[in-house]
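What follows is a set of structures for review.
Shared between the two complexes below is chain A, which has chain B as its partner in the first and chain C in the second.
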Partner chain A sequence: MSHKVLVGYFDSEDRLLAATRAARAANLPVHDVYTPYAVHGMEEALGLRHSRLTWVCFAAGLFGLLSAVSLQYFTSVVSWPLNVGGKPFNSAPAFVPVSFELTVLIAGLVTVAAFFLRSWVLPGVSAHALPRVTNDRFALAIATEVARFDPDEASGLMRRHGAVETELAEVAR
Partner chain B sequence: MNVQPLALLDRPVRLWVQGLGVAGALTLAGGLVVAPAEAWTSVLVNAFFFLSIGVGSAVFLALMYVANAGWSAAIKRVPEGLAAYVPAGAGTMLFLLLGAGTLYPWAHAAEAATLGDKTRFLNLPAFAARMVAILALWTLFSRALRARSLQQDVDGSVRHTERNVATSAVFLLVFALSFCLACFDWLMSLEPHWFSTIFGLYNIAGMLCATTCAITVATILLMRAGRLPGVTESHLHDLGKLMFGFCTLWAYMWISQYLLIWYANNPEETSYFLARSTGGWSLLFWLNLVLGWALPFLMLLPRPAKRSATNLLWASGFLLTGRWLDLYLMAAPGNSAQSPGLGVLEVAGAFAIGALFVLAVTRALSSAPLIARGDPYLTESLHHHA
Partner chain C sequence: MSDSHVSSLRVPLLAEERTLAQLTEEISAPLERRPGAAFWGAFALSFSALCVGVGMVTYQIATGVGVWGLNKTVGWAFDITNFVFWVGIGHAGTLISAILFLFRQKWRTSINRAAEAMTLFAVICAAIFPLIHMGRPWLAFWMFPYPNSRGSLWVNFRSPLLWDVFAISTYFTISAVFWYVGLIPDLATVRDRTKSKLRRFVFGLMSFGWTGSGRTWARYETLYLLLAGLATPLVVSVHTIVSMDFATSVIPGWHTTIFPPYFVAGAVFSGFAMVLTLIIITRKVLGFEHLITVRHLENMTKVIIVTGGIVSLAYATEFFIAWYSGNPYELFAFKNRALGPFNWAYWTMVSCNVLSPQLFWFKKIRTSVAAIFLLSLVINVGMWFERFVIIVTSLHRDFLPSSWSMYRPTVIEVGTLIGTFGLFFTLFLVFTRLLPVISIGELKAVSRWARGPARHDVPAAAHGAPGARHAGKEAA
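And now, the complex of A and B:
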């Protein structure tokens, strides 16, 4: 689903940060920002909530740990008990390395997969970036399809905060 | 910005610290007469616990220098202050030489006769010579790093940072080797028939964790006293991440040491863990794992937990207790009876040497501005955002 937005282009992250804070303070409908790299302080400026990805990671890690322990218990105690050096079949120390590795592996893979799914970065999906935001421009997008959008107020505010250019554009997300 | 050096301990607090220190030292002195083996074990555990935090702080500084880290510039006076304890801590270790004959089995003729060629390495003159050399190196490097940093406050020259980077690279190499050797000498040789090649690395992990905790506690206390303007929860977040990482590194080393000995099941290796995981020591043995890793790991897992000063103080408390217990479990079972005699002498040693530590560190912290205004990374650090 694409959105029609009013984009202001800035030439430094400081101006973008100031403009974003001002836009939210002025109750403008901020859609998103597009930057060449992660800008420190932007999550506060945008008022983003804390990512829920950590909970996905935690749950996946727990799942990995439980599956590793059950797999090892089943194979070495229930299904095919082998006497290794006279140790008990159910030996916690021997299970530690595999449990650790599977916890990390499954937590890592599931977190990355969840991130790609949630942000819809998948094979076959293509989206065009705004011009130069992967290089040296910092873009602030104001949503136009809401009632409180006022084109003159929005472009005026962005120009006041150092936007080198403002234009209407369509973004995929 | 307040950069005036000021006394950090109020007079009543300092008197309390001095009083407890003297009381601890007197009790310990009595213990050296009545129960020499237990008392010298207490000296060893406490002297090494505090000294390794001191030298660990110099290592922390060296790691920041070689990594060209910017975030830590605003708090670097804290590890510098902790590292200023190294000369005093070296004194407490040298004091241990007086008890080496009591403490170390290889110093007794009957035991030495069973050790074969190991006595070429494990004998009092060689032991003392190695200890003096190791302590001299640690003192030299930790003083050099701090002296240049203080000089930079005066002249603001970037050359001091450049020279500290070079010194740090050499120090890290010297430290890794000398610290492993120190652990083999001072701790592992308490049971001279037992050996573990990972023992040095295991102690480096524990030391790094305890050091990060000490730096974090000192930073939070100074922040709460309003002495570290510009230090925010972003800096605490980074310290929390290091604490989390190092405590997990310690657990990794713990299981690496335990697992291989458990698997191989050689009597000369398993004797160490058998003495600790059964009988009277087993409770402390498992408690050590809970305090040193399991509990802090869960406490530090969420992001907000690493930014909360109160939570970090609790986690540091558990981890420092865990590290102390870890050292106690390395040192005490070899010389003591079947069960732990954890009691008056251990607490007395902790008070005596702990008081020396607190007084030396607060003195060093008071003697220089707490913000390293000449550091080229200071601006970056004050804008740090984690």
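And now, the complex of A and C:
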């Protein structure tokens, strides 16, 4: 689904940060920002909730740990118990390394997959990046399809904060 | 760059001031121009070495593991030495990409991409050795626990060699994912600037539709932090488990509790030496001397001093414990190491790993690119010999003097080692031509680190006092 937005282009992260804060303070419908790198403090400026990926990672790690322990218990105790050097079948300390590795493996892969799906950053997704935002421009996008959007107010605010250019554009998400 | 990073106490990370567009231009340039004669020369050399390796491995698989110089007493030698050597090399990449990230070491941004690539290539080289040592590498999947028609005969989860399977495959997978996630924004940068249709298509596919959205960046930062947090204990676990291949056996010289930390420190030590070797060549050839500065190299030599110190301490501790334990077999193994028939290997190791890094205490040497390059090669050699000494000298004179023996690598084994070097350098050379060797996005974020705020675009009035702003940001 694409959105029509009013985009203001800035040439430094400081100006974009200031403009984003001002736009939110002025109750403008901020759609998103587009930057060539992760701008420190932008999460607060956009008023984003803290990412829930940490919980995904924790849950996936827990799942990985349980799977690894079950796999080792099942194969070594239930399915085909083998006497190896007189050790008990459920020789738990020996199962620690593999349990740890599988915890990390599953936590890592699931977290990355969750990020890709949530952000819709996936193979085959065609990009509609705004001009130069992956190079040296910083863009602030104000949603136009909402009632509280006022084109003059929005472009005025962005110009006041040093926007070098404003234009109407369409963004994919 | 936000002025929250401005401090008069800090030294800028880039030797010369660059705008964001200039950074994009400079770092993507090698992808868009035709490589010169130096590249093709290096490529021809590495590729020939790779071909030698392919020939040797083919012959070995066709004939059998008997073509190696192993015997009844020394059943493990060149292959496992090379395996441990290559895995160790990889560890520096993860240390730079994950551990230095968690410690907020901003200078890592110039070198992390190349170091992570090195990790992947080194792990590939390492994985070859256990694979070909199986003799029937096409049955390698037997190492994984899967339901099978042999009554479902499972793998032995009590064996450190199996732990290795899980450790190395997890390490490779997570390193590859971490590396690729780091690449995505840069792939989008290249996609958006390129004029070639083919490159735009390929990079468009590979960049997964990245638009630089602030919401995505926020999640991306969380993801990156999580992956760094996962990779940090992972890298420590990998060489710990590698060391357990030895430490859990009852061979004097191997059966010690000091092995895990000793191996991890040694891995980082050798890995940083290899990063230095590669980075010094790369920055010279690609003209990135202002992006990867002498300060970066100097910082890495400091890591070498520390890890070299730990390794030296471990060497000394082993000897002390051999004497203090009162175990005659243990003492014999170490006397044999230093004074026996392989003493030349032992003293090569000591001079390369204990003595040569001490030169890095001198600022003059730490800041001389030629000296660093030379010493990095010396340490690479030393760390290879460390593994050789640990493995072969502990085995060749065992409990029964009648079975004492010597070990000598065959041409096949030496050729295989040369082949892995060929593979490693071939992959790295291809990497420098296909992908940005420096993380463009991350470097941009620190490009104005410690530079005056007024120099660029923001008028001084808009700032207020930099100090006050700084305090405000920290609070936020």
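Here is the rule we use: the second predicted complex is superposed on the first by the 173 of 173 C-alpha atoms of A that agree within 3 Å, B and C clash if a C-alpha of one lies under 4 Å from a C-alpha of the other, contacts with A are read in each partner's own complex, and residues count from 1 in each chain.
Rule of thumb we're sticking to: contacts are C-beta pairs under 8 Å (C-beta built on N, C-alpha and C of every residue); 3 or more make two chains touch, one makes a residue touch a chain.
This one's a predicted model, so the numbers in the text were calculated from it and none came from an experiment.
Enquirer: After aligning the two structures on chain A, examine chain B and chain C and state clash or fit.
Expert: Superposition check on chain A flags a clash between chain B and chain C.
Enquirer: When both complexes are superposed, which of chain B and chain C contacts more residues belonging to chain A?
Expert: Greater contact footprint in residues on chain A: C.
Enquirer: A:E101 contacts which: chain B (first), chain C (second), both, neither?
Expert: Once the two structures are laid over each other on A, A:E101 reaches chain C alone.
Enquirer: Quick one: is A:G41 in contact with chain B, with chain C, with both, or with neither? Answer first, second, both or neither.
Expert: After superposition on chain A, A:G41 lies in contact with both partners, chain B and chain C.
Enquirer: Is A:V125 touching the first partner chain B, the second partner chain C, both, or neither of them?
Expert: Second partner only, chain C.
Enquirer: Contacts for A:L17 in the overlay, against chain B (first) and chain C (second): which applies, first, second, both or neither?
Expert: A:L17 sits against chain C, while chain B stays out of touch.
Enquirer: Does chain B (first) or chain C (second) touch A:T54, or do both, or does neither?
Expert: both
Enquirer: Which of the two partners, first being chain B and second being chain C, lies in contact with A:L65: first, second, both, or neither?
Expert: neither
Enquirer: Please work out whether A:S79 is in contact with chain B alone, chain C alone, both, or neither, and reply first, second, both or neither.
Expert: second
Enquirer: Which stretch of chain B would you flag for clashing with chain C, going by 153-161, 171-179 or 243-251?
Expert: That would be 171-179, the only stretch with clashing C-alpha atoms.
Enquirer: Need the overlap of the two footprints on chain A, from chain B and from chain C, as residue ranges.
Expert: 40-41, 50, 54, 85, 94, 97.
Enquirer: Any idea which chain C residues touch chain A in the complex?
Expert: Residues 1-4, 19-21, 24, 145, 151-158, 160, 162-163, 166-167, 169-170, 173-174, 177-178, 181, 184-185, 188-189, 191-193, 204-223, 226-227, 230-231, 233-234, 237, 241, 244, 441-442, 444-445, 453, 456-458, 462-463, 473, 476.
Enquirer: Taking the complex as given, what residues does chain B use to touch chain A?
Expert: Residues 255, 258-259, 262-263, 265, 301-304, 385.
Enquirer: Touching residues of chain A toward chain C in the complex: what are they?
Expert: It is residues 11-15, 17-18, 32-44, 46, 48, 50-51, 53-54, 57, 71-72, 75-76, 79-80, 82, 84-85, 87, 91, 94-95, 97-98, 100-102, 104-105, 107-109, 111-112, 115-116, 118-130, 132-136, 162, 171-173 of chain A that touch chain C.
Enquirer: Can you list the chain A residues touching chain B in their complex?
Expert: 40-41, 50, 54, 58, 85-86, 93-94, 96-97
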